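The two complexes that follow have subunit A in common; it is paired with subunit B in the first and with subunit C in the second.
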Partner chain A sequence: MKTLTPAPSPKGRGESTTEYNVNIEGRNRIGLVWTLIFQASTIAGIIALIALLINIVDGAFGYVAYEAKVDPASLAVDGISLEEQSKEQLVVLLKSKLSSGAFNKLDKDKPFTDRSRADVYQVVIERIVKYKVVEVWNLWPSLTQGAEIRVEIAEKYPNAQLKFVSWLTADFITRPQSSEAVSTGVRTAILGSFWTIIFTILFAFPIGVGAAIYLEEYATDNWLNRIIQTNINNLAGVPSIVYGILGLALFVRALEPLTSGQIFGLVDPTTANGRTILAAGLTLGLLVLPIIIINAQEAIRAVPQSLRKASYGIGATKWQTIWSHVIPNAMPGILTGTILAVSRAIGETAPLVVVGASTAISFDPTSPFSKFTTLPIQIYQWTSRPQAEFRSAAAATILVLLIMLLSLNASAILLRNRFSRRY
Partner chain B sequence: MAESTIKWVETDKRPLNLRRKLRVGELVIQGLLFFSGFFSIFTTIGIVYELGKEALLFFQMPEFNLIGTIASVEWKPHVGKFGIWPLVTATMMTTVIAMAIAIPLGMGVAIYLSEYASPKVRSILKPVLEVLAGIPTIVYGYFALMFMTPLLRSVFGNEVVQIYNTASAGLVMGILILPLITSMTEDALSAVPRSLREAAYGMGATKLEAALQVVVPAALSGIAAAIIIGISRAIGETMIVAVAAGAGPNFTFNPFEGAETITGHIVRISGGDLAYDSVDYNSIFALGLLLFFITLTLNIISQRIVRRFWEVYE
Partner chain C sequence: MTQPIPQNGTSKFVLEARSLGIYYGNFRAVIGVHLPVERNKITAIIGPSGCGKSTLLRAFNRMNELFAGTRIEGEINFEGQNLYDPSVDPVEVRYRIGMVFQKPNPFPKSIYENIAWGARIHGFKGNMDDLVESCLRQSALWDEVKDKLKQSGLALSGGQQQRLCIARALAVQPEVILMDEPASALDPIATLKIEELMQELKKNYTIVIVTHNMQQAARASDYTAMMMINDERAGTVIEFDETNRIFTNPKDKRTEDYVTGRFG
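Take a look at the complex of A and B:
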């Protein structure tokens, strides 16, 4: 090739005697540099993802130093250690150690005769032993500086115990929320997330699919339908917090009799409050509606015209065609899109904060009119606290949330691969 | 043959009625479907009406005046100080920092994916980007506070970088927006037909020259749309700034100081049980309306760009 090009200019790179830039070597060198730049930016993106995941795992495991207000060993009765005592013994212990007022209040919340042994044991730990976290380490320092940490703790807190813990445990998932980081859990938040999402789906799925069918099958190209389509595209880009503000005005305040359950006679009108699961579910429903519509439209558009023509050809009406041919063929795509929209809704925090998620509730939601907290709200709450132990709890909650989202997305991908057909 | 197998049974002597039959069920269904389609219009009307109504109450408050909003740099609505600038500058700062990260990185990744990467590499990288895009923003908030802030503090020193600062929130927001810009840009680049690249190679262009001087200009409208959508997303992004950027309006241009963005402010003051019709309650509607119109304008501009400048190749 080189023989065909004019002689390279002696003036140097980039400038040649002819008006063509024939400095192939120089140009290739620049090309190589830019290739490296493009690759580097890709690697930077991957590094960011890895750093994020490592950071979360780093926070969710590690050494914890804690002190007990009352040494559990001192609570042993007749040589039976606290862990092995029966429920009756624990109740007696509570009665003797707590003031009678505090004991009666506990009994009133839920009678001790109805409580399980594990529940009573939990109360003993919380009210009498009172573990208090004095210091927390992340995973990396725990692994690399274990010896130093042990020395430090022995000097600073002679009574403290040091334990390597995983903040994410089966107990963490099944325990209700508590004010102490060591004994807290995310059961309330997981149930809250599930309840909310159910109402989101019930509200947004039928309307979203209906809208998609209308726009793809019925709508003619007129100004009204163009406005509807443009409007949906624009709504998809509205920040989620704006939906939260809308939900606050509309579902929490204006529709309070409905969202608080007052019109069903379920709650006392004087204490009725619209900050409920139902209000949250509907708000998230509005938020994911445009996403569901756009995804469902794509799925319906992918059903070939020939199927519809064949159906009309044998005498089916329009709705019969849609119901028995278009929808079944578009369903995998519609469901995939809905799952993606749902995983978006599960991770939403900002609108729920505005709608009024409760921060400290330790009882499970029982109806659509319960107060609620969800996993992202819990993460936000715990991350915002200054104590390191709550940030570890937040990291563990993030792991729970990410595992949930990952399995949802995996099921969407499976659905897509399993049922995707080509015509 | 056909005549022998098919028996025509004539039971009805009347001529076949070919006029369209009125089917009530079909009409009802069509009506329901139209209602579903029209429902999204209600959402928009709801946003404009509800937010506008409460925002109007805010604007009608005796202490409120427009000059105070524009001239003052203090936002304390409950004591009659309505200077919106601290919230706006903080929003602008996090957005600019985020875009300074997301645009160059996003372009780089998109050009690499569309022009350089082999199909195998692409099949690995695209799911990675989808994972990044699917992570809830609150997780990025945790990442900003627990990773980016300590990192910045160890680089620039604890006395320079405050615990809550807009730099950390902006940088992490850049990572959040990266997949969005990448996937939109990559779509635009992939839509440029092969023939253009081949023509460039035929003229003796190197791969880079074909990519930067032929493919990128041809996809410019899509790239511009991606950038505008990215900006709109950054302005509306909430949880990262709520966790990491700081609590309390602060008029500053120092990215290492804490400051509160519009979205961060809304989240913080609505965190408790906000009393209806209080100044704070009304102010979040005014701020929400402002956000809605900013993002709506940006989204419409982006759609216009795509529609007007989209190059169509046969």
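Take a look at the complex of A and C:
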């Protein structure tokens, strides 16, 4: 850099400028070092996120080697392959291959006359053909060592077929849970997560925003309110499993008549206690309540005081000021905070384990008083199984959960922009 | 039970502060103020920074107690009724005594809504469009905004925003308008417009204005109160008189020094 001619010594500031060590170059160097440090931390964070994504994607796609217990080709009737047979033919097949007890039980669960062809075909695959996964590979080895895998499979399992699959498919999302990894799905878990989060929002949002309005606009600065404020801040940091224990004691046990639907006369036939969607939703609601209160308080505090003065200045009452000016202007911030809190609730596992989420159910929740499972519970359960193929199913479930979270955040941003674009 | 303040007084003074003292906690900000405010006149409050001008002004519509938690002694009579009497509802006080602030603070709503909201909360039943137009005309803003009433009030220039705030204050038909340095954030042309506007408004309203700008007080006001900090560091009115006498022939030496620019 070009050096400028030194300025003449100003009057009254001593003999010369030698008392100053201006050192602009050195100061710039220090600034550069700090910039690099900040950049490095950002890059480290991004690398961690990318590693996480790669890890998940790696598990959700790849080769699968599987064997059929009964070769589907042997089930062809009159030259019509299994895939092309009509529903009636498939039912006949089931009747001949299954024990009458098993067949009658299937018919009792849902009469064959009511079932679709796809449904019956699914039953045939599960009960007669019985595909069994013998080995799975992640995406990376599948892409790089395809030839070796083929050779290996041909040697070890001569009857096995090798197929490159995406574990995340439309079927995976719409199928209920199953004991076989190849035919399992997450519909039950998606619905469970969805129902639970609805009750979390219904419970935590009005109470949280109401409390925030009280604390910011009405509460005076006395010792009691200061204690309440400190406690709310501390509650936001309590481990989630503690909320699970609280939910178990309060909602599952003490309020069982309510959470099981008993007092409404709506007890779900599959459950006889309080381990329901409602109990889970309320527990997660308790968990995110302090976060919502704190975020809403921040948003309300950010509404400029001049706006309140303007409103009072034309003779508005306190409530008119809050309703017409404070809440509308705080709403974008309140919504952002709420969505962040809800995103956290969707990903929570520990409190739901304690509250009693079911690990293996294959029927959809039908009311707030149903048994349930959620996506994180499903992931937790599948990753802890010994079979490698369930870890691939878990990876696909994580992708579903991530997509759900991203769409939730996107909708929050849209909602916020809509509110703040008004003027 | 709150009792209403008498309407449409006929006495010469709309507002009158008597032995008024204002405290922030234990700090005495204003002491011993006697200040009459005459009907349909502009009363200016001048004085150096930190002498309690704005505090005194905000005491006139009980705005202080909302945001600063002040305590008061003495009384302020409004149409013969003490504003600080326990039977008086502060909401009614702020409804009858409007306020325009130092920094323009329109609501983040449309120009139309800025004016209509105040009228609506007080149960205005008439034709809202007419009211909005009349308020904007009174505040000399109608010609500039009549084609964009649905636009945001925040999209206007600073001077227009301040006139919108005046229109907003007019919409609830107050009897007195308090102005807290309404032109201090504006350029000279916008300032002049506000001053012309005040001359128009005083036909129907009583105005009290706090200003730093002595030329403004001299040009625009009928009466001037000179405030200054006393030996105990509390602000008080040291001289109150007709404006031209304050500026040409002040009785108090400190007033003379201040208005001639020798200190302050």
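The rule we apply is simple: the second predicted complex is superposed on the first by the 359 of 423 C-alpha atoms of A that agree within 3 Å, B and C clash if a C-alpha of one lies under 4 Å from a C-alpha of the other, contacts with A are read in each partner's own complex, and residues count from 1 in each chain.
One rule holds for everything that comes next: contacts are C-beta pairs under 8 Å (C-beta built on N, C-alpha and C of every residue); 3 or more make two chains touch, one makes a residue touch a chain.
Since we're looking at a predicted model, the values are computed, not measured.
K.L.:
Looking at subunit A, does subunit B or subunit C touch a larger number of its residues?
P.N.:
The partner that reaches more residues of subunit A in the superposed model: B.
K.L.:
Go through the superposed model and pick first if A:L352 touches only subunit B, second if only subunit C, both, or neither.
P.N.:
Neither partner.
K.L.:
Considering only the touch criterion stated at the top, classify A:I277 as touching first (subunit B), second (subunit C), both, or neither.
P.N.:
It touches nothing on subunit B or subunit C.
K.L.:
Tell me which partner A:H325 touches in the superposition: subunit B (first), subunit C (second), both or neither.
P.N.:
second
K.L.:
Output check: A:S240 vs subunit B and subunit C. Expected answer is one of first, second, both, neither. What do you get?
P.N.:
Touch partner of A:S240: subunit B, not subunit C.
K.L.:
So, A:K309: does it touch subunit B (first), subunit C (second), both, or neither?
P.N.:
Touch partner of A:K309: subunit C, not subunit B.
K.L.:
Let me test your reading of the model: by the given contact rule, A:A299 touches which partner, first (subunit B), second (subunit C), both or neither?
P.N.:
It touches nothing on subunit B or subunit C.
K.L.:
Touch check for A:A341: first (subunit B), second (subunit C), both, or neither?
P.N.:
neither
K.L.:
Under the stated touch criterion, which partner chain does A:T317 make contact with: subunit B (first), subunit C (second), both, or neither?
P.N.:
A:T317 contacts both subunit B and subunit C.
K.L.:
Just which bits of subunit A does subunit B share with subunit C as contact spots?
P.N.:
Common interface on subunit A, subunit B vs subunit C: 317.
K.L.:
Tell me, which parts of subunit C touch subunit A in their complex?
P.N.:
Residues of subunit C touching subunit A: 61, 63, 66-67, 91-92, 94-96, 98-101, 103, 105-110, 117-118, 121-122, 152-154, 165, 168-169, 171-172.
K.L.:
So in the complex, which bits of subunit A are touching subunit C?
P.N.:
Residues of subunit A touching subunit C: 304-317, 320, 324-325, 329, 422-423.
K.L.:
Inside the complex, what are the residues of subunit B that reach subunit A?
P.N.:
Going through subunit B, the ones touching subunit A are 23, 25-26, 29-30, 32-41, 43-44, 46-47, 50-51, 53-54, 104-105, 107-109, 111-113, 116, 125, 128-132, 134-143, 145-147, 175, 178-179, 182, 206-209, 212, 229, 232-233, 235-239, 242-243, 263, 266-267, 270-271, 273-274, 276, 284-285, 288, 291-292, 295-296, 298-300, 303.
K.L.:
Looking at the complex, which residues from subunit A come into contact with subunit B?
P.N.:
Touch residues, subunit A against subunit B: 24, 27-28, 30-31, 34-35, 37-42, 44-46, 48-49, 51-52, 55-56, 59, 206-211, 213-215, 218-219, 225, 227-228, 230-235, 237-242, 244-246, 248-250, 253-254, 275, 286, 289-290, 293, 317-319, 343-344, 346-350, 353-354, 356, 359, 376, 379-380, 383-384, 391, 394-395, 398, 401-402, 405, 409.
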